[in-house]
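We call the chains A, B, C, D, E and F, going by the order they appear; numbering starts again at 1 in every chain.
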Amino acid sequence: MNTVISSLDRASILAQALPYIKRFHGKTLVIKYGGNAMTDPALQAAFAQDVVLLKLVGMNPVVVHGGGPQIESALARLGKKGEFKGGMRVTDAETMEIVEWVLAGEVQQDIVGLINQAGGKAVGLTGRDGGLIRAKKLISDVGDLGFVGDIQNIDASIVKALQDDAFIPVISPIGFGENNESYNINADVVAGEIAKALNAEKLLMLTNIAGVLDKNKALLTELTPAQIDGLIADGTISGGMIPKIAGALDAAKSGVNAVHIIDGRVPHAMLLEILSDEAFGTMIRAK
Amino acid sequence: MNTVISSLDRASILAQALPYIKRFHGKTLVIKYGGNAMTDPALQAAFAQDVVLLKLVGMNPVVVHGGGPQIESALARLGKKGEFKGGMRVTDAETMEIVEWVLAGEVQQDIVGLINQAGGKAVGLTGRDGGLIRAKKLISDVGDLGFVGDIQNIDASIVKALQDDAFIPVISPIGFGENNESYNINADVVAGEIAKALNAEKLLMLTNIAGVLDKNKALLTELTPAQIDGLIADGTISGGMIPKIAGALDAAKSGVNAVHIIDGRVPHAMLLEILSDEAFGTMIRAK
Amino acid sequence: MNTVISSLDRASILAQALPYIKRFHGKTLVIKYGGNAMTDPALQAAFAQDVVLLKLVGMNPVVVHGGGPQIESALARLGKKGEFKGGMRVTDAETMEIVEWVLAGEVQQDIVGLINQAGGKAVGLTGRDGGLIRAKKLISDVGDLGFVGDIQNIDASIVKALQDDAFIPVISPIGFGENNESYNINADVVAGEIAKALNAEKLLMLTNIAGVLDKNKALLTELTPAQIDGLIADGTISGGMIPKIAGALDAAKSGVNAVHIIDGRVPHAMLLEILSDEAFGTMIRAK
Amino acid sequence: MNTVISSLDRASILAQALPYIKRFHGKTLVIKYGGNAMTDPALQAAFAQDVVLLKLVGMNPVVVHGGGPQIESALARLGKKGEFKGGMRVTDAETMEIVEWVLAGEVQQDIVGLINQAGGKAVGLTGRDGGLIRAKKLISDVGDLGFVGDIQNIDASIVKALQDDAFIPVISPIGFGENNESYNINADVVAGEIAKALNAEKLLMLTNIAGVLDKNKALLTELTPAQIDGLIADGTISGGMIPKIAGALDAAKSGVNAVHIIDGRVPHAMLLEILSDEAFGTMIRAK
Amino acid sequence: MNTVISSLDRASILAQALPYIKRFHGKTLVIKYGGNAMTDPALQAAFAQDVVLLKLVGMNPVVVHGGGPQIESALARLGKKGEFKGGMRVTDAETMEIVEWVLAGEVQQDIVGLINQAGGKAVGLTGRDGGLIRAKKLISDVGDLGFVGDIQNIDASIVKALQDDAFIPVISPIGFGENNESYNINADVVAGEIAKALNAEKLLMLTNIAGVLDKNKALLTELTPAQIDGLIADGTISGGMIPKIAGALDAAKSGVNAVHIIDGRVPHAMLLEILSDEAFGTMIRAK
Amino acid sequence: MNTVISSLDRASILAQALPYIKRFHGKTLVIKYGGNAMTDPALQAAFAQDVVLLKLVGMNPVVVHGGGPQIESALARLGKKGEFKGGMRVTDAETMEIVEWVLAGEVQQDIVGLINQAGGKAVGLTGRDGGLIRAKKLISDVGDLGFVGDIQNIDASIVKALQDDAFIPVISPIGFGENNESYNINADVVAGEIAKALNAEKLLMLTNIAGVLDKNKALLTELTPAQIDGLIADGTISGGMIPKIAGALDAAKSGVNAVHIIDGRVPHAMLLEILSDEAFGTMIRAK
């Protein structure tokens, strides 16, 4: 850090956090963790620090993670090649088994370890634990996707119990069906549904973009779903940016109050978004 | 079931459970789950029913599972061959990764699913979750075992929190070290240490033997560690039976009050052991 | 017990109780205790065991007892002869005094003792204790019945307090009036009103019949009050059986959700009714 | 009441109660209720008012009652004659049955009714209820006394549960033995043992004497057990007064902190003793 | 006190308090403390005793005090002269400062000290403490009154927290405005608003009159606001008595359930009003 | 604030607070508030923000304030001149009255208002409130100091009750004696005794010095009382600096674990001291 920053400036930055800590005290923040923030070691450490700090100052962070690259890598080791239809992974029985290995047996546990290293007490969950996520096979018009799941019900009692006991839940996007079969579910969708079930104050989606930009590449700090639809229609949002904001847009449309697209490539971006005056990404308000 | 059993007999069997339910009310039972009971579908279902029934009648079951065969199978799929020294798996970094995949991402979750199907609310944990099992590298005289762990500390707060909230903890025998590295730990040892940390009433070890037998193959229903040492010395216990009771013996020697060797090949053996007059296996009393 | 019953069968019987224990967990069961089950020593012991077992597995049994034969016997010792009108005991002041002696000072206390011997913690109550049953003189068209009471109000706070503190309430059917006078009340009626006041899951009436039988003497396992009225009208239910089911019928008609007629002559009949698949008597559903 | 008492005087009397209410707040007062106070209607009403008032101002009164005259009367109605040895009632099986009728089924319930009429919520208990008083046969050198009991153990959990729930316990002096048999126990002794088990602040014994008097018939307001022994030795206390203070003396000797002999013939004597400056009887301090 | 009052009479007076203690148990009593009762040492002591006694017997007294004479005296010492318009003190900035000195730094603390001396645990509050009384400038048709306040909002959380922790709140009639400025508020009005915010059972106003008298100078013990309006209209209430009952009348009109005008010149008048049959002042019922 | 500070730097400053928030979670911090920090409006606002922020992030700040200049000013308005002996204000009865006016009726309430404006819920207390500070006349060898007090006892129950209910206590240094008289007590001493009674983690003394400096004017960040005594002995600490650190030195010597001398002239100095790596003043460790 730049050592020429004066003590007064440093103190002011801390003091500016006051109204935000006050506003979000006791509130639940669901954090979709993915992209660079999950693979770069320095960004991982900063993320874990942020989560623990938010917990300590009285908020209730809940992490939902993805893991596409890690799944790809494991499939490759087993001589399998991932297949996608309409952006979704075709998940046959063997792939589902590997997805569970990687998400519950590797990625989730790595995140738990990171948060614990930063001084928190994280507990990993899948949708099976405490009956959290009940799902059924997703019927898609792009064809048969195998064990890709559609959420039927969220029973958030295990998440609430852990929060009350000062633990930080870390959730893998796996659901279970009526015959006890597992389903691979889109992590953005899980984060949105968890946010709704917990009546979360915010859903924070760590992505690899700075937020939604206008035609002049200036950050748009607050948008409604309708405005985003307009920006897509007029071509302001196009190409590779569309899938990157799709999850946030869906969550906002389906009722999550405030969805934030946060640039996960910037260390502590989440902390600045929540605890400072800086508008650090794009917020999508449900209404 | 034999339908000629009279109603009166059926009622008597239920009524006989009364003193046991009373005696073990509110007590913690740690169950080491392994062997046939974990691989045969009918035995799996009976096990899950038993766990849920014990929880419902007021006891606190905690499951610790193994998973040797499943690990072997996964290693084979990845073209690796398990190597053992002194009965312990040599666990290099890659093997450790696969052990975590299989234990946390497959076996544990399968058990959680089984218990939930039987009407319980199970929650899977590894030693990372809530900082449950801190470990360091096991220094063994059989040579370098890689990431095989020696338990340093049990922080049972997450287990207690889940018990209080009516959840059933299911624990994978994985610990974490001071640099956040994972360790593969013997499940019998984990079960014994968890039992001590929770001040458990009983440690029940589901095995593939009927219990300890005398020279005439009659079941010995209650033994002290010293008596077992004597039976090994005089050859009554020999050959393949020795490793099968080693974990129970160690736990009894290290201070767990009552360790039961239960025949996991018999459906509901655990239930009969706890809730009936039948001595269904061998109990080793610490003193 | 028949010793040829296999362990497996025994375990299955225990395991079958699981869904029932789960379904009735935390629910209140009001038990009208009378007839043979109250006079035969073996049946008494089985009854007490059942009550304690139900409490231990998480239900809340509340006992309401009768005591006709014991009152008759006491009256005889004092040289009085019981007089009845329309099936109800004419209760003059002296008889009322003796009724209280016998119900509160003998029958209730015997039941408390039996339950305590079986390992429970019973507490006897009359309608005076904690202001439980306020009553007034019953105006009957069969003539003046003296101190026979009509329930005015149930204040169940003492019953709830005892339940919460793990005690088992045993209630004598005596009420008190506005001038502090005592009233003798029909025990079936008291059981029904207590069940309504506690919003009980079930009212179990131990009687000396197997249940309601059809013309071919086959047990009718589930009936509505309207169906019973029909069976009386067409003569299927007739003679001495009518008064034996009158209390259960009244309770069902006055709003108790499920009223069971249980054969109190069979040991543990109540346990089988609640904890097994066997339909052991007749259930009358309010609707 | 004398209507010429000024308002100021009336207010002063109320205000003088302040330090006593403060001192005894939350403290348990065990009251042995017997003698005239239990038979005269005006004294009964005043007693019940006092008990309710003490409860309302934050103390925890627990009533233990006797019932000798009522037992005599019932025996007579049944054609039996009470027999005494060494001042204790010889209690054969039939007498014991009648003692239970009268104490639990008449006297206790009358007192419960009186207290409820005065606005309290009383709950009657015998030694069976909640396992309160375990006893065995009293071995006496005056000969076989039948079912006269010697207290083995007090389990005061039911008394404490009722106190916490704002109920006023009223205890009949009946114990139960290991074969579930009943025992008739001296009420003074029961009161003393209950006081010890509850760590009571005071044991108040309502008697038919003004207290202990010196040779000049002046009231002695505070004495030690040793001083009483001296007064008996020198003849100051003699004749019929000795048995009347024996229970109080025993209780003080066996460890109850402060035992008060209160003149039960004076309305509200108990209230004045506790809530005013007036020394209204004799207090025996354990030390 | 007149020592010829018999013990029986003394006991009866205590016993007569029973129904009142019962009726007002757990209820909040707001007491407006002013006039002679606040300046005469004997009356002060009696007032403090009464407050502590009411607290001890289970009620929740909350004191709101005035302080006109003390403010006058302080102004005089600082060479200022109080100015009034329409009966209200014109409060310029300097006067406001002195009002705060006197109310919060003298009168309130004197009352806290008195109550503590009587055995209570009082805690002084102004409208600033815990954000209790938010106010704005009172707009009056008698002209500019400076910092005389009009209550905007009562946040009674601090009062409730103190009550729950067994403390007795003593409130000075000072509010704070949106720019953190202080306001001098009429104590009668504060008492009325506090009574409404706490849903108080009674508002007791200690005044220097015996109550409302009819044309024959007989005390009117119970009136409605409408009846008082009538008595003013027909001249029964006139002259200097009108302002003395104005606060009580306003409170009753604005929704306080029962407002008592109590003669603060009589020691313990408040106690007699609440704890005895004596009608000691005039009660104004809202309806 | 300097707008050229990068977002990354801002985030790092927030993240650096994590270990400190963790370390001091749930701990009590007693803050002696005086000097410039209490008179400069910008510093006042920063102080209030800091107190609220510390409360929000889970610590328990308790403020003890002084008020010398405000007392001087009030005395002057009343035509009195303050007199000092040995650095202590000679406090005759009239002065004591004015001290109470100013401390409880002005300074304390101003601080309560400031903290409330910053979003906290402060409650002002003197030593009278809840019986917090019992004192007696200080016997000094500099002569008679009038109502200057020596602390006899701290009853911190009111402070703990307010902390538990999320309020921030603000304490004026006034005690009460056995005749209910008031005492003026040195605020540093009150802060030290309150810190001891609450077993505070830290006592923070806001002063007008940067801390203790060595001969080269470099800040000494951590000292023991013995080292300070040495520095006074060798002349490093001399002149006007001695009284400025006397209170901190006394508190450390009398058992407060860590006493911090904080430069109250620097905005948010307290926040930096607690929540950052910066050593911002001098810490005196008891041992």
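To be clear about the criterion, a residue touches a chain if its C-beta (ideal position, glycine included) is under 8 Å from a C-beta of that chain, and two chains touch if they have at least 3 such contacts.
These numbers come from a predicted model, not from an experiment.
Would you pick out the chains that touch chain A and also touch chain C?
Touching chain A as well as chain C, we find B.
Touching chain B and chain F alike: which chains?
Chains in contact with chain B as well as chain F: A.
Cα superposition of chain E onto chain F: how big is the rotation, rounded to the nearest 5°?
The rotation relating chain E to chain F comes to 180 degrees.
What chain is the most remote from chain F, judged by the mean position of CA atoms in each chain?
Chain C.
With residue numbering as the guide, point to the option in D-E, A-B or B-C that repeats E-F in over half of the contact pairs.
A-B
Go ahead and note the Å separation of the Cα centroids belonging to chain C and chain D.
Inter-chain centre distance comes to 36 Å.
How many angstrom between the C-alpha centroids of chain F and chain A?
So the centre of chain A lies 45 Å away from the centre of chain F.
With centres defined as the mean C-alpha position, give me the chain B-chain E separation in Å.
Centre separation, chain B to chain E: 70 Å.
Can you pull out the residues of chain C that are in contact with at least two other chains?
none
If every chain is a node and each touching pair gets an edge, what shape is that graph: line, ring, star, complete or other?
The chain contacts form a single closed ring, each chain touching exactly two others.
Output the ring sequence of chains, start chain E, direction chain F.
Here the ring order, chain E leading and chain F following, is E, F, A, B, C, D.
So in the complex, which bits of chain D are touching chain C?
Per the touch definition, chain D meets chain C at residues 74, 77-78, 97, 100-106, 108-109, 112-114, 116-117, 121-126, 128-131, 157-158, 161-162, 165, 167, 176, 180, 182.
Per the contact definition, I'd like the list of chain B residues that touch chain C in the complex.
Residues of chain B touching chain C: 1-2, 5-15, 17-19, 21-22, 25, 46, 49-50, 52-53, 56-58, 118-119, 266-269, 271-272, 275-276, 278, 280.
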